[in-house]
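Labels for the chains are A, B, C, D, E and F, by order of writing; each one numbers its residues from 1.
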């Protein structure tokens, strides 16, 4: 069984039930989620060995967060419980022409303040096949940027493949550095980059006219880079999207089928499900099947409440193979 | 900030959760709503100063009704708590080919029996820019018809604009008068009438072959009338409607874009959201932008549970401007 | 009022609320259902006199099951409470491209072990117009197969019409007999068979190239057979199906309109709703109207949570007549 | 099995979940209840044949009310569905030093307006052993008073025992008659009267210094009277009561044990559970055991949510026998 | 009607339903509360005119907080919506021998960072009879300490009575000042101090051997001081407390009755309910009746879920008068 | 950190919310529990390394069961997922004088049919300090009895301490053996036996007049036996119990304080919490402190919903030290 390590913050997710707005709710559904741990959870549900690196508050809600990762099959042995607050994100599910809204309340969290310099990366990376990071982590604090860089250096030293989801977020990067001061060093150590044109522009503080231009630049500049992966989404409304994805090597392009997604249940975490599917695919399948598997994982996540893709390998495989008729399975 | 007064009954709304039928439910979701207060609540959510005129029972459920209006930003200082029952409406949300059902249980409510003759209209209308009424109120009782007429006379005396939603309901008008004995006097005092051909026919007890015929008659007969406003809705199913609206002055017609509404959450109160949008639009925008804003308000209400449009000015403005892609807002 | 008897197991249905998966739920919604009792409940809701034959455990959950049948208008006087367990089925509602899942846990239930040989069929069938069975019951145990055969013999002796839904389920038939050892004798005693080509193949252990071939064989082989009824369903996704149905007599074919079903609420029990509609139709209407009524019943069931069609005669009639616009009924 | 007929209104009961107040709730738990039907439901749960006489609105909520009676084992065949509203009572559960509150909204209900003069009492009372009424019904309307009197005359003609719970409620009796104009004729036809001193005073418009005085008067004045039954309750708080009861024949007094009731779940319907227990007891046991069984039924009801005693014969018998240790039953 | 102004932070309260622990919950009940606003809400529920001074985030959850204050009858016109986060407190309800737990996450809230120097105290205090503050506010930040001092100076200038609940919390006071550097100046401007010996010790950084010593010191040192008020609570368990209170003037002591509180529903906010009752009492009653009313308000709050005392004047008066029998009110 | 292995079945626990009866519920709260895993979960919550040995069905509900163990901190790596059903127990929470009821539906579960002969006990027991079993497991099937015996032999070979909770259940032992044919061999290999007089009688099929007689026999007959532990419980009602416990060595008796438990939340699993506390105590404390810690763990479990003691070491220690005042912890 493949071993994967994921790195990043896990937040408490608070969302009004059903289609209620924040203004009218009297309760919040409780989930825990974060982009990189969501990737890990999808992989763990498929039987991979996944360990996640983060830090949690040393109180009962921090214990609950760790417990939820464990339930999802993630190895939490490397996660310290330290003083600090729990990062929170409030999520209001959109519907129809009304957008979903996220209110982040993550500043000053235990993980953002976590000095990860004493993590034992030799133990963490022992026997590991893949490391996954995202552009959210280095945007949180200098500590977090350092932690990411250390992890990627260690992984490259050990010959472990690295994937990174650039995931540029304009409301982060509050700690005094700009993305282009941090991200290039991380991208150099990454073999599979998930990103669109805008992500590259923001992370490099450079301008590009097209994705083709980006692709040429990236494969030129980063010799370790094997694949760039890009998803395309048309949002007709909060309830109805069309999505597809492509995998680019230096020479070739592999494109998935396109999915018409109506009756969307929960759009959050669909990119992470795609990321988990991509890692699974690249570890087990050829590039064409990998991008098809990844897109099927991302598509079916839209039907599952919460941040996490809770779908079996067989369910994703069937959808990737074109079977999505929604018949009752008995 | 503009000041608006709305007048009408507010009922306790009891609805089974989700898609359940009355026959199978074990709980009711509790909301409070009524056409005119719904209009007021939309305006209050956008920061207008709104006072509502009604009467509530003098018991804890009547207090809760007033509390809910206050939460929605409505000034309740003119609302008396008097003996009598709380009007109720039971709402079963339809889905697919199954219609929504409303069972009214409003006869004999505190408001229907309310002798409003001692309301201090000079205080109520002090500094007010707009008064809104609907055809439901005069249909409840002679007291209610009198109250409406008094309000409209006072408003006209003070040069306050008046809008009225004719809103003909065949199951009301039980108190001994027919609509055409009451409504014409109210229509004469109204500057903006929201109504379709059927509403005019029923309220005037006259026959019209087309809306054009209605429009000509109305502008001829009511010299104060500035606009007639009409919405058009095609109900493909309880979950899927197409809507648009037009604003008619004596000389010109302004039509909104048409919305394809799939995955409908709650259709109740969408006409009231439109009405609130219309008043906001006519107070702040030109006629073309007003009808576009009104229709966007009506459209986006279909995504919000309950009677009330809980959407910000910015959300409605973006939809009116053609942005409705349902992307997650972070 | 017509009298109908239905025969079969009723299970406890446990389903996570909303769109949750089994892995993430913390509660189950509780319903009771079973194919034949679902047929009976639809008929009882329309005012027919319906008695159901089954057996329940002699504990509080068995009493609750009987209570729920009574609530739905079914006469439970012939149902014994005996030692044994309650059959269970776990239902996870699908959404979008994700299928619904059923986990059956019905082996060894009170009904499967029920020795029905002492049932007083003369009392049960007194004044009865119609008996309904399905292929699930004889698949449970030799006792259940015997009980079905006895019921059909008695019904035929008394000149009572019999309908049977072949409903082949590959995960049943565990008690040592194959379908073709049991089903032919039951089909001989049945006047209306609901089945598709696959059901006939499996029940008879014979091969057919087309439904036309099946139809010719069946009317040849079973002289009592008056109608074969077949539904056609295209599953675009768990949330979107297209359905229609046809009624075949020896000479003629009557086809219903086709329904485009989007925003599906609960697909379970839709075939049973169709079956109830068919019995009602054949008892009260001509064959063309009967198949139209049956298909409307099956279609509108997709909007009702639970196993049971809780829609009035008028609602089904309106949909069968082509009115399905989803307007609010006040 | 004994046959019992109960007569009276059944209301929709709406209560905030848990300990919430009306002012703060966002949902109501839905139950159906009414004093006499509650008595009947307790008896039906013990296997008696119980038919209830009332009238329900002819809409889906009225059908749900009838369905709930059927679930509880009550024969609803004599209940007409007629135009009119559903009587409602809002219940806020008290706790600690805070009292429970009931807001009645029952005026003008279908039952209050029901002209019962065409009820077929010969069918209703065929084979019946016991008829139960309460002082609530004649207090609702002249129609209801007439219906009660007719029922009691018919029962006495047929030699059926009659019990009546005087249950004086000061907020009823709005239809123009005073209790003493109606109640004496009903009391004359009643063999078992459940009442305290205050009930007798109010129903007879007479003054009594003590229960002994009442008892002497009653046995003197009503020759058919066999038993007077009185409960004694000390309310320490909403969560903690002490109760006991006594059964008086002309000559003898039988007193139950006293129960210390802490951790009260739902006090509503406990008098009705007592009444059901009394009828069961007098039909099956001697007077000493009957009052002990009745008081156990009333006591254990405090632990069951809703209006209805859902406890088995065995559970009540064990408590009546002094076993109430609350051990887990496996 | 008396006018009262309260000052302080209002937090989002998140608590698992029922008796669940943080570790096991999947949803949070949502309330808003804060000591001083809780005091104000109790007074508003009794019909007083109450305005609250605080600051909220300028997003939908901040709007919901303001809406909830309005629902509770509080005038929110002076509350700015500014950038910043919403203060949160997580509450796990204890039961039996297990304590309730509060996890504060309030650092860096909009209110803590609020520069209140531009508040228009002349408008805020226009016609006001009473101002209430607590020791929590000056403990949050220098801004908050300044705001409190300004408010108290202005109130004293205008001859408005001031009450203060010292409410020492060791986990606050993180901004660089110790209590004794801030509190004495506030206590000098306060006419009614609610505090026990420990509060005085901590706020003054002085040692006292007994409450008598504290009392003598306080009346000596603070010439404006009219009353010290102290509650006494014995916690047998989370579900069972005994409470009483005393009001001390320079010369006299007035003690309330003692309440045995079993079956506690929600202990949070009971001190604030007491504070609201005290202000009401001192504004309307003599000292003996005031302390009795205050203690009744504090006692009955234990039965109401949430931070706020939602009990009518009549309910508190009846309990203060010794009527607490928990009978059902119809 | 100590390492513990627990062995036994884990069932799906289905219970109506709150105080509802099975007959009236419309949903079940979902938990997973089983005596031995409950012991393990308490220990894992305190930071011990705990692995549990059982078998689960190979479907999504079986995966959820394993996930829940992981959330609770239990190592699930040795648990196979095999064909078979999930054992179920239905739990109706009692209240007041009404008993809790358990309906077991565990026959034929995956674990009962599990052939554990290929478990790798050398891996399982590597570095382990303690093994815990209960009398439920050998009562399920010959396979389960064999599995238990093998585990105990291996543990004794490796010098690992063994505790066993005799836990006699009359409704088990259906597989053809009587307890005394199986239990003595297991008791011989056990160092700490939790049992009362009745358990010894049933497991040995012998009669004893007193616990003293049992104690003498046991220490005589089982040379490895170090402690017998016995709890004493008086059930005043489902809501109110008194408990205490004693630990007996050959020579000495250590008795815990007695707890008065009112307002009981969930009595299920309290014996298992006691067992977990006992193992913790005997591994870390002397016998007197061990029995005090164990009883505190058992007592505080009554306040936690579900099967599992979710209380921190500190909470149990404080209660064991006599601090149980229920003050709010901030």
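Just a few scattered comments:
The rule we apply is simple: a residue touches a chain if its C-beta (ideal position, glycine included) is under 8 Å from a C-beta of that chain, and two chains touch if they have at least 3 such contacts.
All values reported here derive from a predicted model rather than from experimental measurement.
Any chain touching chain A that also touches chain B appears here: C, E.
Common neighbours of chain D and chain E (chains touching each): B, F.
Chains compared, chain B against chain E: the Cα-based superposition rotates one onto the other by 180 degrees, nearest 5. Taking the mean of C-alpha positions as each chain's centre, the chain lying farthest from the centre of chain C is E.
The pairing of chain E with chain F is characterised as different-residue: of all residue numbers used at this interface, under half are used by both copies.
Separation between the centroids of chain B and chain F, computed from CA atoms only, is 62 Å. Rounded to whole angstrom units, the spacing between the C-alpha centres of chain A and chain E is 44.
Here the spacing of chain C and chain D, counted between their Cα centres, is 40 Å. The set of chain E residues that touch two or more partner chains comprises 18, 21, 23-24, 26, 60, 67, 101, 262-263. Here, these are the chain pairs in contact: A-B, A-C, A-E, A-F, B-C, B-D, B-E, C-D, C-F, D-E, D-F, E-F. Residue ranges of chain D in contact with chain E, taken from their complex: 18-21, 23-24, 94-102, 104, 169, 171, 235-241, 262-263, 267-268. Chain contact summary for the complex, chain F toward chain A: residues 60, 67-68, 70-73, 312. The touching residues of chain F, counted against chain E in their complex, run 18, 259, 261-266, 299-300, 302-306, 310-311, 315, 319, 324-330. Partner chain E is touched in their complex by these residues of chain A: 14, 17, 21-30, 59-61, 63-64, 67, 85-86, 88, 90, 92, 101, 103, 105, 107-108.
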